[in-house]
Amino acid sequence: MINVDDRIRDKCGVFGVFGHEDASALTALGLHALQHRGQESAGIVSFDGKNFNNQLNLGLVGDYFTKERVIKRLPGYAALGHVRYSTTGKTLFKNIQPLFADLQGGGLACSHNGNLTNGIELRKRLIREGSIFQSTSDTEAFIHLISKSKEKTIVKKIIDALYEIKGAYSFGLLTNKKLIGIRDPLGIRPLVLGSLGKAKIISSETCALDIIGAKFIREIKCGEIIAIDKDGMKSYNPFPNSKERPCIFEYIYFARPDSIMSGNSVYEYRKRMGKELAKEYKTDGDIIIPVPDSGVPAALGYSIQSKIPFDLGIIRNHYVGRTFIEPTQKIRQLGIKLKHNPNKKLIKGKKVILIDDSIVRGTTAIKIVEMVREAEALEVHMRVSSPPIKFPDYYGIDTPKKEELLAANNSIKEMEKKLKLDSLHFLSIEGLYKSMGLIKRNSVSPQFTDHCFSGDYPTELTDKNEGILSSQLSLLSDN
Amino acid sequence: MINVDDRIRDKCGVFGVFGHEDASALTALGLHALQHRGQESAGIVSFDGKNFNNQLNLGLVGDYFTKERVIKRLPGYAALGHVRYSTTGKTLFKNIQPLFADLQGGGLACSHNGNLTNGIELRKRLIREGSIFQSTSDTEAFIHLISKSKEKTIVKKIIDALYEIKGAYSFGLLTNKKLIGIRDPLGIRPLVLGSLGKAKIISSETCALDIIGAKFIREIKCGEIIAIDKDGMKSYNPFPNSKERPCIFEYIYFARPDSIMSGNSVYEYRKRMGKELAKEYKTDGDIIIPVPDSGVPAALGYSIQSKIPFDLGIIRNHYVGRTFIEPTQKIRQLGIKLKHNPNKKLIKGKKVILIDDSIVRGTTAIKIVEMVREAEALEVHMRVSSPPIKFPDYYGIDTPKKEELLAANNSIKEMEKKLKLDSLHFLSIEGLYKSMGLIKRNSVSPQFTDHCFSGDYPTELTDKNEGILSSQLSLLSDN
Amino acid sequence: MINVDDRIRDKCGVFGVFGHEDASALTALGLHALQHRGQESAGIVSFDGKNFNNQLNLGLVGDYFTKERVIKRLPGYAALGHVRYSTTGKTLFKNIQPLFADLQGGGLACSHNGNLTNGIELRKRLIREGSIFQSTSDTEAFIHLISKSKEKTIVKKIIDALYEIKGAYSFGLLTNKKLIGIRDPLGIRPLVLGSLGKAKIISSETCALDIIGAKFIREIKCGEIIAIDKDGMKSYNPFPNSKERPCIFEYIYFARPDSIMSGNSVYEYRKRMGKELAKEYKTDGDIIIPVPDSGVPAALGYSIQSKIPFDLGIIRNHYVGRTFIEPTQKIRQLGIKLKHNPNKKLIKGKKVILIDDSIVRGTTAIKIVEMVREAEALEVHMRVSSPPIKFPDYYGIDTPKKEELLAANNSIKEMEKKLKLDSLHFLSIEGLYKSMGLIKRNSVSPQFTDHCFSGDYPTELTDKNEGILSSQLSLLSDN
Amino acid sequence: MINVDDRIRDKCGVFGVFGHEDASALTALGLHALQHRGQESAGIVSFDGKNFNNQLNLGLVGDYFTKERVIKRLPGYAALGHVRYSTTGKTLFKNIQPLFADLQGGGLACSHNGNLTNGIELRKRLIREGSIFQSTSDTEAFIHLISKSKEKTIVKKIIDALYEIKGAYSFGLLTNKKLIGIRDPLGIRPLVLGSLGKAKIISSETCALDIIGAKFIREIKCGEIIAIDKDGMKSYNPFPNSKERPCIFEYIYFARPDSIMSGNSVYEYRKRMGKELAKEYKTDGDIIIPVPDSGVPAALGYSIQSKIPFDLGIIRNHYVGRTFIEPTQKIRQLGIKLKHNPNKKLIKGKKVILIDDSIVRGTTAIKIVEMVREAEALEVHMRVSSPPIKFPDYYGIDTPKKEELLAANNSIKEMEKKLKLDSLHFLSIEGLYKSMGLIKRNSVSPQFTDHCFSGDYPTELTDKNEGILSSQLSLLSDN
């Protein structure tokens, strides 16, 4: 297997509609726009006034939820969807969200973007008390907490449960009366509010509002619960002292460039990171080449700032998608160029400055540099529009273990050598905060969740600190 | 759709092996031998010393569990299987058994043959207390009761739960230490014990021991719990006053003719029912024709007793299986003979005595009689080797509603007219008990569960009496 | 893999309808009734007045052609179908019949039951002349011959082609004007004519007329071409001197017992074979047990003649169908009873006479005898209601090679020993002809094709005699 | 259905390897690199010294030919592959290439890129002569001509056949001895020669050599036959007077930008087209925005020439691929932005110059302009880096009918109005030839096949001129 990608991946996207006769079709479109947030599975639950209906599928949204017969099985004026990328090699069907439970008051569907840092501890306690889990997902602990709450209303039950969970979470919930959006007290993962005529929408990003022509109202606030029903929308604030600290990775590469976050397009933030990068280090080069497609905005910013021309020196095969070829050992040695091919005529004899948005394991970088060298570049420099990734994440991002993170185990010099670069530079943390429009990082109470660069984790890591292993939550291995 | 069958169906079969390296392959074979007890789905859970593994499939055992790759996914020295026939039009994947739950002490798999008559009441109570159900099956209530028991050992937890459930149940349970077989206090559904070398086996019928060459030890007693582990076998008796009252239908047509029950082959009981039937009513006929294949043993018995020759006057197409053709209205009027075809040359000009083991709705009988008449029989008589079915079942048999039961709504005369018979007779309840080797039915404490004939239900019918409707247990309709 | 069967199989069934608006649905039903003639694939071509439409499927008729969407893709008032069993381990999709070709005058679909004994010679010649074959089937040579004929009408083209082919063939052909039925000059394979209202039908057997309530008109004669179109039916006789010599195997076990052949039911012929068998050899026994299901009619005949009681001592699992379990070596040694189980209580202590219709390799017989012995029979005798099979077939029957035919390589004594029988007897060839209502076999011009018993092949075996191997006709191996 | 694309598509790609033990795996990789030339089906035939093997699949190369089991079914040192895009709504499985035929001398596999302009005429003649076609593809006529040739060697047979066919063709052929590449006398479609160690390769484009690290030898010449076998490579030239006239569309947008054609990268030609476009018309604008992704190289060229900054004002969702959502009418009115989303913050208040490589029906352009206007651009100008498409193609490109071609039915003014543009300009034919490095178009003998712009078709259009309709070649409609 040729691994085609060396990316940190976001694990999930959430989308919900309340009050539209085509709620499920709109949700399918919304999930399609959020596809970059999770490609392994997608699911939609709808409520039709009487029954909940669900459709879950391993694979892309467009592979399944484009079919008329699928949408027809999801009638109703309210729908909640989810796209998911799982960190385990194998995706369990039973973990496809939205999860669903029959509570005493009626059904409850739940979509989660993020990760509970005390999910395993909660799971253990709940099983001890007699709860039976149907998935291996941390999300299910939250539902059991709601189910066991002695409170009378669903919102109060939810608040009961929220007080017990830790970590990063943007939840979408659907009951037989309400669509509910929740963001954790630090607002680590995004969640926005939109409207389409009289219908209300919750979505991980604004690009999913755009696809259906919906209006962006505002971001859901950190620690806020928004409950939408036929009488309108209500906001609850169970964490009065919460202070926003969104995940900086959304800006660097998770979010789609056309999404609006903190009042500006993500594309613009990325261009600014490229500009900052060019300011931090002057490099003598003939041509700026982005690593496609993620390096493009930063490369354009770098080119504007540095006045060195931007050009597409590496061509990407758009049919790669998530597939890969598994050839023989002999073939592997040929150095198959599945995803990228150098534009040799353009590169030959030039001093090349490669721009990418990040380096994780370095596996993509090493291949890119090699192919640029084979195309007879005179020099190859790499500039990275984010700081070195030195610490793993526990909030719903798929990062490799620390041992596999290139920058966690190598100095800049060592990395230059490993990647066969003439020079390598990363954007500084300060430069990153400047790109975000801030004067500097507040080291006491950082404006962003940036632990992968700084090691400064925003919440307690119960499961990790207690040494609870998550390798097999359910003893039942899946089919 | 041409409905190819007018049968009462058993809903389930249970099979488990403890202590054999090919536990799952043996279980697959055992389930295949129990296929007549449930054709809609099959499942196996194995335990390999570390993990539980499961494979579930909609369809016949032979369609899936014959594949090497499937059996390879079920390693271990202990396995528990289930075949199932559901009464609802649509079978839910999540209801395929064995059900599985992660309890505090480890995993628990559960296969159930029977039906809880207070399953819905229990479900409601458990949900009220915060339990989340993952299936719509009554069986799951039993697992939640075990999970919530405060007892320390699994057997004690099970006994706790048994004290709360009512109805008919033969359970197979598999934990990371034990294979457990349980029969309800009346022993309504069968469950037997066998051995293969050092391995122990539980099975709904002895025919599943035969297929793998295993030895039949004995029937599990009514109200008995048998727990098998590496140290041997233990018997528990939480219901000291229980008195056996097995379901008479197993003898009439559920069980396979080659199975041994109460010390004799089921085939022999059926032949005796045919003999009793011939004794009860003398009929002047030229030929005994069984309705294939279920009427054959009784017809042979009837022929021996009456000295009228037995012959195959109706030929069955063995490729029908469970499939049916859905032709147009025009075609339906042609009177398609999908399953049976008369042996015209044999029938023409004869006084025919048709023998079947039962009449449920009468839809098959009416077609059979019609085709025998078309083949120019001189007279057509029908003899049925069980009494008229007048009452529905609530113990795990798929009976139609009372309104659809032919004998519940028609006198013998009316049935003769509807079925276009020259005469119709059923075996009497007394005759039935005689065939079973008894002098007479004990009307105070009947020796068999026979409510479908007698209306005498052996247990309280909580859900029914409380008016609890079971139409949609989960609000989430299935895919 | 446990081979569940030791049968000679017929390779094909043909069914066609002309002049009915539900032609395809009727054809699906007809093929279902002919399912015993071929279980590996099924196909239907219909003509709707403008286009030909086809649907081909690997598997049983009922698995595919029961679906409304499939029948909807086969509109038209004329349809031709085929069921097929292939002798090679692997069935090629492109060989599923009806084969279809665009000829100059329009489309031609062709269903074939039988085998051309010069098919390979013809194929070689046609390829030499530039024809391109799309299947590996011998049938295709016939179509190419039609396509290359210089005659003007389709019937004349067909006659041109018939003069070049040798062997056994019952063809159904469908053009944009006609449905055509053809039987070879010896009438080796069957083909009958029926009607349903104004529609005309051709079918391999009458049982497929019965399923749809159609009337049986007559058998198509040996060497006859019947062409049906909107103006009626025409008969052509290109082989004026042909003399009928149908395959005796149809009577012994290919045809369904309820089919009418040569004026009587096949069931009746089989019962008579049992009677003849009882006349030829007196055996002292307590019980007649048929090998289910094929031995039943002969066993009934034997019982009537011998006065020894008939009973079901071996129970067949009807769910076996065409599936089989592939267990481990360890399990294989257990002597798995997948298909049959002895009725032990019945057999114990008895002198058993087993009746089967034939012995091919002997693999089933050996297992049956073994299980009857295990059930503690006092003696086990076997009586076979056809003569010993000593010669392979080349006319569309799946026989094993001569080396594998038990009777071709063993004397009766040797067979008794191998099968562990107290005695073994086969019906004599003379007895067989008597059962067919004849005084004796005409050794100069036998009334039946019986080479498997006699070695007397009815036609030239060109391909065989020329040493032409058929192992891979097309170099292109299939997917 | 939201049609996601308004492109002219190439219909095919060809790739073959001779002399490598991993021939099929290399071919799968090569086809993957040629995926842009055909996304509907892919096929590979290999020869293993004894047998031909094939695998055909509807769908992308990466969906099927990445699987180990698939490649294992394609053993051998020689392989030939094909990717295909069909113009008909429905792709027929039997048309998936390589087509295969058993000829007298052995098997022949054939992959075709292009279209025969007398294919239907030839088909009719061949059927008249008794040939039976197995596909509806024009390619098959070529194989029948080879099959019927009286010549002795395969190359001579091929030349015989080539003299009868007209139109555009790059063929790859595989026999049991040779891999053969053929380009038509005008070299309309591309075909190149490469090597990997001792193995030889033929490929539609050089990018497929790059993916496996193969060396580019040279283009196959117009009218040339290259026959590769174990003894080396031979060139035949049956059309001595042929003069190259390759299809200009390959340069404009069919070929991958990283492919080398006529000595330069396609990317470079496209950048030059953008520069020429900027020279032809001066436009006062603030920002150059490419229509992604096809407009990017021309936009970069335009930006360099015009000094107006290049930026990504339209973001493309890379998950669209070939899927589309089929929503309700209500949803359709929302103006779903499935594929593109404007980068609103960037566009607002700017004079935008949109660059695309072509306009076919105008459906994409109208949506793009609309979304740029909604994003509040001050002005919207469009510049197209190829001339107006006014004439349909008959050489293997999927063009709409003339009635649907925007530029065939509208003046520039009318198009500006329809597309709601402030101005619209196309590159002139002269400018296009300049971009190709030529001084001017030779109107007597044009250097490129450019009839879509000029109406100057390079060959006779037999089928079209004779009024032969191609709507249904085979009467057999496909499943």
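Per-chain numbering from 1; labels A, B, C and D assigned in written order.
Just so it is clear, contacts are C-beta pairs under 8 Å (C-beta built on N, C-alpha and C of every residue); 3 or more make two chains touch, one makes a residue touch a chain.
Model, not experiment: these values are computed from the prediction.
Hopping across touching chains, the smallest step count from chain B to chain D is 2. Between the contact lists of chain A and chain D, the overlap is empty.
The contact pattern of A-D recurs in B-C, the pair among B-C, C-D or A-B where over half of the contact pairs coincide by residue number. Chain centres here are Cα averages; for chain A and chain B they lie 51 Å apart. Distance between chain A and chain C, defined via averaged C-alpha coordinates, is recorded as 62 Å.
A straight line joining the Cα centres of chain B and chain C is 36 Å long.
Across the assembly, chain B contributes no residue in contact with two or more other chains. By the contact rule set out at the top, the touching chain pairs are A-B, A-D, B-C, C-D.
The residues of chain D lying in touch with chain A in their complex are 21-22, 25-26, 28-29, 32-33, 35-36, 39, 60-63, 65-68, 71, 196, 207, 210-213, 256-258, 260, 264-265, 267-268, 293, 296-297, 300, 304, 309-312, 315, 317-321, 323-328, 330-331, 334-338, 341-346.
Only residues 45, 51-56, 73, 100-104, 106-107, 127-128, 130-134, 143-144, 147-149, 176, 472-477, 479 of chain D touch chain C when the two sit together in their complex.
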